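Chain IDs A, B, C, D and E follow the sequence of writing; residue 1 opens each chain.
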């Protein structure tokens, strides 16, 4: 477990350090690169939490698409020389963020999450998540000690199944959302009459 | 690695993003900060799914994955948001010759 | 056979003439204006005849009692009705009112000749007569108040008749307001009576019906209902007396009466001598059964009356306006009547009211006649008019002697009875008070004689001093504005017959009224007239039948001697130094004269200090300031604050994009904090 | 995915399809009239489908459509509540489309995109009002917001871009906050479905010492409200409103001010009345506080405004406050919780009519005189009698003077609040009525300027017939709701029975 | 809720509204036609309102000529279109009809936007009549609010001076007041136990609101209503809108404002505060009477300082309306057969002040029309040039200061009767107010009508025939009530009887 701890804290350091860099460095390019680093670190967290599929998505979309988009944006607006200067709200923004952070940390630490957690089920969840992308093998699950009903339940709970099953509606809606964003983004980026 | 630690890291990311979104002048930097916030949220969601198998829905393990599903959606929406955001960046840049938010303050009072 | 309808006609005839003159004749224009005069005279003539007939048929029989007409039902014990209260007081008053009024109306045909508002004048006069008659007839205290106030209104209209004169308008207003101050007392008395309505109802009485009120005031021991007694009774009486004092010009509410001389002279004659001002006396007389149950109230009435009698007479000494002299004289004489009522001399007071109506009206008409010739009311610019207008002179002398109380004129008889009763002191007030009243009234006699002689002398005797023409000239030289009622129109000569004849009739009455009404013996010109028949008739209206004391030669001698002394003193001052320089010898009295001619500075006190300074400059100004700055200012302040808070919030809306989410996030943090703090 | 699922989402599909069709039509032809025609007539399809669904509900007597094996019912509910809002949103969208006839020329070549995005946003709203699950809600919310953000920036000037920028950034930030709240809720209850959240919370609600039973729920609800507050334009999450209203294209603002707001309140009602039902005793105070703050800030700041669109920005904040009063009226003396929500629904409908009328008039006038300054409206009664009277009526309605729908709406909202029997709510009502009185000041100032002052220009201001039709419909709606509110109120009451588990 | 339909009230109330609609649709071609059409309609409405008054049978059903339909009927809300008159409202309906006709006639000289003017005037009339006849709280409030719009427009468009400021002030005050009333009405609705706005239900329960269900303490409801009505009445210290509104309103506006709209406040106090909250009125009678006395005296004192004719009359209205409060406050304290004097007086004061102040404003309006000034120092000596106006002033002034044989006396006397039984000392203070009334009224008449006439007014002409019509109508009404008030008081007393008896039983029942 110590290895896991080390990796976790290392990733945490990278993520937090990168994030601080994003919001503090004056060079936008560097900020974008640091942002990519943060994305990668977060992807690492996903892997550690057995969410490999999500990690893949994270890398593909965030690092591959979003970070690149940012860099395009930075280049096209030719605003680099003015850099990533702070505005006059640093102190209030810092105070508010700190207070909110305090509330969040306080929440995370004091809430007795276990009262609601299904103790001893972590293992099964892990199995389910491991098999997230594909349809889990029933025999494997049975071997892992799940009862027949639970096997059936897990079998129907792959991530992809969920996306086109229970969450098909938001899934479709997201496509509309992307369409809208594309139309809007294009229309605005293209400009009028040109 | 524990739930609390993960949540704290996520919260830190979130709040750093919030600070950046509030305190940066450059539009694109603000968008980047917002992405940090989304990442914080996603970490929270996944961690919740990872550690919590809620007692009311214990029989339905699909609920465990909901966090990840949520995170997938957030990532997608974030991408859409950035796409549109950049569109607006260009529109703003075209009219204002600048993407500095402090300059774009003609609408006030 | 006396029917109710015929009595109502006495009241309704002037009402009809009022409507006719006011709504029909007046809009027709000035060419038809004389019709207004005829209509009014006709109505009053009818009323006078009916009144005489009423008096004739009522005398000797019992009081007529007609069922009243419901006007407004409030509750079992308090019903406002329109009724007729035909007791001796009413019957005699009716004759006086209609009679004097008739004379004055006829006189006015001449006096008001050519006035552009002739029809208006008569419509007001009709209204006044109707109101006065209504007041006299009223059986219900609210009904009485209704006409009481209408009398005030008519008086207001008539005083301000020449309303283009600021002084007339001001005098009218003053008269109304000062009498109204008194009326508040009357109104409160009525309200108090209503307050007791439940008790009245228990006894089957109506708290607003005047005979019922008499009954209520009489103690149970004396066979009455005893509902109002003690302190309440005193306050009730004082309230009523306040009303009476206002109307009758009793101290300290007398100041309006001299000013009221701004009205046309016939008006002064009618309402400020014979009728309206007598309403106060009438009111106290009307409620005499109530007053007489309260010794305190009687003392107040007596002392105020006596004081007024002397007080007003002193001011008469220094007045130069002939009508003002009359006015002070009227106030003084009304004081006699009040004093008489106060000491319990009910009969005598009303008797004096009766005689006073004739001779005072006569004097006023004489003054009008004089003004007609001399173009001024200022006696300092008159003189020697005796030769120019002998009728007026002699009639005025008759009136004046009657006023002074010289045997055997009307005024003598009535004044003599008052003095006698005061001397005897058999009334409800302590004998010492009665004696004090007697002394004061005797002083009053002296003063009355003095100023009366002064007035007659300066007006009629000596040489003519230029009249209005001269006065205008002098005033112009002094650079002062022309006083009112003064014009160049000086034509020394007797007034037209329409003016002289009514004066003659009044003069006749002033000679014989006292004789006829109160002969010392039983023999008479027209047959057997019972002694004291009028006073006894008055007394028959009272429950306990007050009787007039027998005539006293001693008292008659005293009063005549005092009166003659007054005349003699005045003659010494005025008739002795010849030729008269035009300067009043009274001026030698220095500060006393100033005090008197400034009317004891009471007007200054009222108008300058109380109204002008305390009321206007302090109370009104402060309240108005508060209204504008505090009450309304609050509104403005609230508006200002809300507008500026809005501006302040808008200031945060500074266009900086990130301020907005910052505020939102801060809001969230604050909410959480509040929840954590407040639980 | 069954055929029945398709039937359930058919209005959404029809609307989304219409959006794409409009864009395609735009590619083929650039005629505004055709675009408007297609978009407006096309709305008949989702409307008819919704009506069909409603007819089924009426005929079966059920409160919501249900079927065995349906997948979409995992994330949404087609019920009277959602259908009520469907019609509201469709009506608003249709009228805004009509009214954009003249105005859309300003977008130059972006007309098709404008209508397409508007329809997509409407799709998002319709999804939002039927969503019963947090992820769907989030997506729907974004689908509502993003097109609007794009549209806000559509005008070729800096102010429009700035409006779009502000809308986007603040929208994204509030979504982020809201997402964190959703994550907490998911973590605390283990589900994103409202019914399961409700079950979890009612089972473990009263446990902790914190308000709402747990710090996590407290934080979650506050963060959720930050997101919802953005959409509802409730203080203190309201500050973007005036700026965006001022800078963005007016038809889009009209749509934003009514449809988006209505959808947001539908969302709030669903989340709080279904999901957080068990915590009603805690959160109504919070909503009441926001209501008071919104009303007061909105009205006070509006007094000083000189730009009519900006003024309406503040006005909409104030109205959000009034509506929140109804939302906060969760308890009642006799235990029925329908009074508050039904008053909210009615208020939203009446507000839609009034605000649309006002904005339509502003669209026409502003489009013609090229100004949104109130001073330039002087003497508008002479220049454009119909527009001025319609705007005047709308303003009177917004004050809450009869005979307009908002008069009843206010009464119902306040009645619901007083019906709770809470003294705090009574104070809130008093704040509300005082605010109404204050609001009269600035609304009437506009009327005064239009009706009483002399025109600064003699040129008449007119509009094309579709605009006039839209304006006429909205105006009649104001009056209809004012004269005969019963049908709509009844509909609102039946609709909210869904929330209390009916 | 069973439907009933008599139709007369609906016709009376909505005839002006229909006329307004017809005008808006262009029934009259030119201004002249508009005026005479308006006059005809107003006359017809006066006739209808007189018929309402005559048909009302004292001693019959409490509410008569009822028109009742269900209007809103859902699970939670019940409201009806419910009109009816009782003894309180029947005279006030007639008053509105009367002043409506007067308002039309005094408006004949209006030349700007004639059509709109009469439209708004008619809307106003419908709203006011509606308030007096509505027996459903929702309808009542609806009409109460509607009335603001035409009044606001009348003042701000056709007014004079700082008309926009005044109109706004009027509006804000009234809306603030009615805002409180809204809260109260809603609370009453909730407390009614049947979720109904039907006033008759509440009144027939003898004012027994279900205190246990009441969303607010009944005392607070009472005061909320009171504030709304007090603003309208107006009562010190919420009166400051009145002088401004009066001063700057057009003549007809002032006539309607003073004549009938202030009466809405008094009517509300009688109908709601006195009718539905007997316990509370009993408890708070003292502060209400104190407010009344302060209004009487303060109003009178401030009146004395005014130099603008309309302002002066406006402040005098504050003073006179204070009497209404005294009358109302008195009822809850005194018991026995005399209980109703003060209350009847208050109701009478509503009617009489309506006609008196209406006449004063008509006269001022005519005066202003000819002289274009209302500044008292500018005027003087006009009585000779304009006897009709002077007569109107004199008569109205005399009535206003409570001169007997004119209508004002009756109401004042009754109020004093009632008030003295309840609060003797306070009432004596109020009685002193009549001296002040005499002061300012006579001062005003003296300065305008009497005294020397400035040369510039030599060419003045008297009121025209058209202008004389309202003068004549109002004079007749003032004198008719003054000479024989019973025809009116008996109707009022019939309407007030249920209220009075509720106090009598209450007072007897609790042994106080």
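We adopt the following convention: a residue touches a chain if its C-beta (ideal position, glycine included) is under 8 Å from a C-beta of that chain, and two chains touch if they have at least 3 such contacts.
Quick caveat: nothing in here was measured; it's all calculated off a predicted structure.
Peer 1: Could you tell me which chains are in contact with chain D and with chain E alike?
Peer 2: Looking at chain E and chain D together, the chains touching each of them are C.
Peer 1: Between chain pairs A-D and C-D, which one is joined by a greater number of C-beta pairs in contact?
Peer 2: Answer to which pair has more contacts is A-D.
Peer 1: By CA centroids, point me to the most central chain in this structure.
Peer 2: E
Peer 1: If you average the CA atoms of chain C and of chain E, how far apart do the two points sit, in angstrom?
Peer 2: 37
Peer 1: If you average the Cα atoms of chain B and of chain D to get two centres, how far apart are those centres in Å?
Peer 2: 25
Peer 1: Using CA atom averages as chain centres, what separation in Å is found between chain A and chain C?
Peer 2: 103
Peer 1: Hey, how far is the Cα centre of chain A from the one of chain E, in Å?
Peer 2: 71
Peer 1: Using the touch rule from the top of the page, what residues of chain A touch 2 or more other chains?
Peer 2: Chain A, residues with two or more chain partners: 87, 89, 92-93, 96-97, 100, 103-104, 113, 116, 166-167, 170, 174, 177, 180-181, 184-185, 187-188.
Peer 1: Which chain D residues reach two or more other chains?
Peer 2: Residue numbers touching two or more other chains: 135, 138-139, 142, 146, 149-150, 153, 156, 164-166, 169, 173, 180, 184, 187, 189-190, 200, 219, 242-243, 438.
Peer 1: Spell out, as numbers or ranges, the residues of chain E touching 2 or more other chains.
Peer 2: Correct list: 172.
Peer 1: Among all the chains shown, which pairs meet the touch rule set out at the top?
Peer 2: Applying the touch rule to all chain pairs gives A-B, A-C, A-D, B-C, B-D, C-D, C-E, D-E.
Peer 1: Going by the contact rule at the top, pick out the chain C residues touching chain E in the complex.
Peer 2: 70-78, 142, 145-150, 153, 156, 160, 163-166, 168-170, 172-173, 176-177, 180-181, 184, 187-188, 190-192, 194-195, 197-198, 201, 616, 619-621, 623-624, 627, 631-632, 634-635, 639
Peer 1: For chain D, which residues are in contact with chain E within the complex?
Peer 2: Residues in contact with chain E: 333, 336, 338-339, 342, 396, 399-403, 407-408, 410-412, 414-415, 418-421, 423, 426, 429-430, 433-434, 436-438, 440-441, 444-445, 448, 451-452, 485-486, 489-490, 493.
Peer 1: What residues on chain E touch chain C, complex-wise?
Peer 2: 169, 172-173, 236-237, 239-240, 298, 301-302, 304-305, 336-338, 341, 381, 383-384, 398, 403-405, 409-410, 413-414, 416-417, 420-421, 424, 427-428, 431-432, 434-435, 438-439, 442-443, 446, 449-453, 484-486, 489
Peer 1: Touching chain D in the complex: which residues of chain E?
Peer 2: For this pair, the touching residues of chain E are 71-77, 138, 141-143, 145-146, 148-149, 152-153, 156-157, 164, 167-168, 171-172, 175-176, 178-180, 182-183, 185-187, 189-190, 213, 215-216.
Peer 1: Applying the document's contact rule, which stretches of chain B touch chain C when the two form their complex?
Peer 2: That would be residues 18, 21-23, 30, 101-102, 104-109 of chain B.
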